[in-house]
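Presented sequentially are two complexes of chain A, the first with chain B as partner and the second with chain C.
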Partner chain A sequence: MHHDFIDKYSNLDSPVHRIDSRVKIVFFFSLILICVSTPIYHIRAFFLYFLILIAILTISKIPILHVLRKSLVIIPFVLIIALFIPFTETSETVFRFNDSPDLMMNRWLLFWNVLVKAFISIITLILLNSVTRFDDTLKSLSAFRFPIVLINMLSFFYRYIFVIIDEAERMQRALVSRLFRGRSLIHAKVIGDLLAILFLRSYERGERVYLAMCARGWDGQLLIVDKKPLILKDSAALIIGLAALLLIRLWSV
Partner chain B sequence: MIPVIQIEHLSYTYPDGTKALHDISLRIDSGERVGIIGANGAGKSTLILHFNGLLQGEGKVIIDGIPLEKKTLKTIRRKIGLVFQNPDDQLFCPSVYDDIAFAPRNMGLNESEVRDIAEDCLKRVGLLDNSKRGSYHLSWGEKRRASIAAVLAMRPEILVLDEPVSGLDPRGKREIVELLKSIGGTQVMITHDLDRLKSMADRAVVMNKGRIIADDETANILSNQTLLYKAGLI
Partner chain C sequence: MHIPDGFLSGGINAAGFAVSAGVISLALAKAKKKLEDRYIPLIGVTAAFIFAAQMVNFPVAGGTSGHFLGAALAAMLLGPLTGCLIISIVLIVQCLGFADGGITALGTNIFNMGVIGCFSGYYIFTGLRKLLPKNPAVNITAVSISAWMSVVLASVFCSLELAFSGITPLKLVLPAMAGIHAIIGVGEAFITAAVVSLVMKYRPDVMDFNRSYSNTGLISGVKL
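Let's turn to the complex of A and B:
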């Protein structure tokens, strides 16, 4: 069965793909932090962040449609935040008592703030996963002393999420073949049973995976990865990238 | 000659009370290729999980002259290469390479030694070009070969396989049979595939309801229709 993999396109070859994954992680996370900390009225700064992302996108040969389609996942979250905006008071409006046009502007600005920053952040993350193989990302995280238990959990998650989705899909097909439609509330029990079975199967699979790990000499020690020093080209890329971000940020104080 | 696998009066009951093995005694010599056959629930998988102490029942298990107990577990697990039935249970790393490197890393080898072993094993199963892919992207046959490579990377003395050809198309089955032949050494495998048993094993052990009911040359077992019928194999 075919799924849209988390790190689709990460096996392409481009100057961006070839950069050390640690550099990419530092750069992309800095981009998010700097973008989030930029005051919203500096529109040109956000324009430049977008420009950087588009430049990386072009160099890395990743289809822009893929990134846009994936970025739609933030829409529900942004909408939820938008729902609460009428009840939010921004610092500029603390002393106002009625809905003046000015106040409405501030609320729109707040919404715009959330939308733009969320959008840039999600595109950055999609881009990171499109130019870095997931296992490389995990290895780099361990180089940054990210807790090894969490890295292992992410690693198992990445390995088995598709296996579980496949299993759920097969079960769902079997249900549909027996004329199950799942439209009404009565069917909630069937869906609950399906989830319970899925949980039990995953649990049992976990036990078998553990046995298979023991059979190959696993003794509770977690994966240790060797660290290579950064090569000159990668360090240069990192310095140039971070300098560009800092310049934009300082320019829009 | 010391037998590589020696099992004496082994019985095992699952925690829920199911009696899975009754008084099993088995001796396998170095270089033998043994097929374990039997109906579903006959106790075949339970038996092989005892070879490296993943399950421990009552009775004696002696591997390569070393009795299986808590302090010999590590040594024995290195000697027994256990290939599980479902490759998705065995291959748990984000990339095929990491899976092959798992056992050598557990053995405390350094990364360059690990790389040499991993590349050698991947080459032997014909997956060298796939080393960077995630095992999820592999076909079932490729996954099966990757699981075998993952176990070969331990340099085991005895290869134990749980249904190595199940779920494969005829070509996939032929490839596995040829691969196992080229690997050689002592091999124990569970199978339902009586057609291929002769080319995979010289000796067959028939299990039924937790007991060994026959143990003979493969050709003799395959010609004994009454026995096969009794064991639920035809």
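Let's turn to the complex of A and C:
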């Protein structure tokens, strides 16, 4: 288990990595929202969104192979859902796509619409977690009125996911060293037992963590995220980024 | 079943966010009351368990493999609302950390897998328990059936949303999605049954339906 299996390359040093994580979240989320709301005819706009992503990728020195490899895990599933689209008649769909009526007439156009938007969004999310440390992403969510309790839970998740996965890997290794292959449904019982033990160990770990926290004087107070104001450079980056996105969106109409 | 960005219409995404946000805030309030201040580490660590459990692939018929969803399991172990919270945390991490499921579709994904998955799993199970005679073998059958139903129902809602967004006609996507998940659901049923029966054997006190909320488990005995 590696410490960076969620946010690999987020500890690099580059102008993009140095930007405040709140700015990056707003920018990348806006990019996805604006991209999803762009009508498919504006091919130039999608090309430019992609160009922005490539630029960020280059500046942040993240290996392109890493992004491609991570996106390859997701894209086959997207393709499977998307493949329903071109092979159906428009008259068969009960409801109209909210984009425009003639998009419904052309199933291939709708197919590309969905695929391009999904692809750009996936690359955007992968880029976001490659340039921002995951705990920074979580903490920054509090700036957007995300419930602080949920952020605390997510932080505990992030802190213990490594321990739990290590535990699961040790158990799997023990199974494999006893020549377990897991190739038929009968083995579901074995995997179920493994997961049951893993659950009990996790649950009891949760209880122990709580007791240990109490022993160290925890009084039920939540982790408070300190909100420091944005520095000038970060605000400038945010304004330029959002302006660029809006310009692309409006210009391409 | 993780719907990416760009597939669903804006209205469905907005509705998904509204419903999920409502259920999550209800779950947070309930968890606070039910588990007091130990709920934060407990839910965080249990969510980490579900995430790790989802990485275990199990063989489905014909050489394909599926992975565990865990919504019914989380609901049966810790109650439907807490289960919802746990699945939401897993889905948020999968979205932000792995781009698995889109950010605009996050609310809808939480609705399908968290709300529908947990509530259907839990209430089908408790319903069956009321109807059927109370013995361990019957209990485990009820667990399997409700785990299978929770996966299939989640996929049914997923295909309804795709159809309502005009992506594909219902009569095509519904049988395909429900069919695939009917097979994946068998693995889910086997594993959920195995986990629940083992937990019932060793720590019956942690099971949601076995305890009264005021005085439970390890901690209440130790707490001063």
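Note that in this section the second predicted complex is superposed on the first by the 224 of 253 C-alpha atoms of A that agree within 3 Å, B and C clash if a C-alpha of one lies under 4 Å from a C-alpha of the other, contacts with A are read in each partner's own complex, and residues count from 1 in each chain.
Methods note: contacts are C-beta pairs under 8 Å (C-beta built on N, C-alpha and C of every residue); 3 or more make two chains touch, one makes a residue touch a chain.
Keep in mind the model is a prediction, meaning the values are calculated, not measured.
With both structures placed on the common chain, the touch criterion links A:109 to neither chain B nor chain C.
When the shared chain is aligned, chain B and chain C each come close enough to touch A:159. Touch criterion not met for A:236: it reaches neither chain B nor chain C. Looking at the shared chain after the overlay, A:12 reaches neither chain B nor chain C.
Shared-chain residue A:43: touches no atom of chain B or chain C.
After overlaying the two complexes on the shared chain, residue contacts for A:209 are found with chain B and with chain C alike. Judged by the touch definition given at the top, the superposed model places A:217 against chain B, while chain C stays out of reach. In the superposed pair of complexes, A:247 makes contact with neither chain B nor chain C.
Once chain A of one complex is fitted onto chain A of the other, the partner contacts of A:55 are absent, as it touches neither chain B nor chain C. Of the two partners chain B and chain C, more residues of chain A are touched by C. Contacts of chain A with chain B, set against its contacts with chain C after fitting on chain A, overlap at residues 134, 155-156, 158-160, 163, 205, 209, 211, 213-214. Residue ranges of chain A in contact with chain B, taken from their complex: 5, 11, 133-135, 138, 155-156, 158-160, 162-163, 205, 208-209, 211-219, 221, 223-224, 226.
Across the complex, chain C meets chain A through its residues 2-7, 9-11, 24-25, 28, 32, 36-38, 40-49, 51-53, 55-56, 58-59, 61, 68, 73, 77, 85, 88-89, 92-93, 95-100, 102-104, 162-173, 176, 186-187, 190-199, 202-203, 206, 217-219, 222-223.
Chain A makes touch with chain C in their complex at residues 6-7, 29, 32-33, 35-37, 70-71, 73-74, 77-78, 81-82, 84-85, 88, 92-98, 104, 110, 113-118, 121-123, 125-126, 128-129, 134, 137, 147, 149-150, 152-161, 163-165, 167-168, 172, 182-185, 187-189, 191-200, 202-207, 209-211, 213-214, 220, 222. Across the interface of their complex, chain A is touched by residues 49, 52, 54, 74, 77-78, 80-82, 84, 86, 88-95, 98, 102-103, 105-107, 111, 132-136, 150-151, 154 of chain B.
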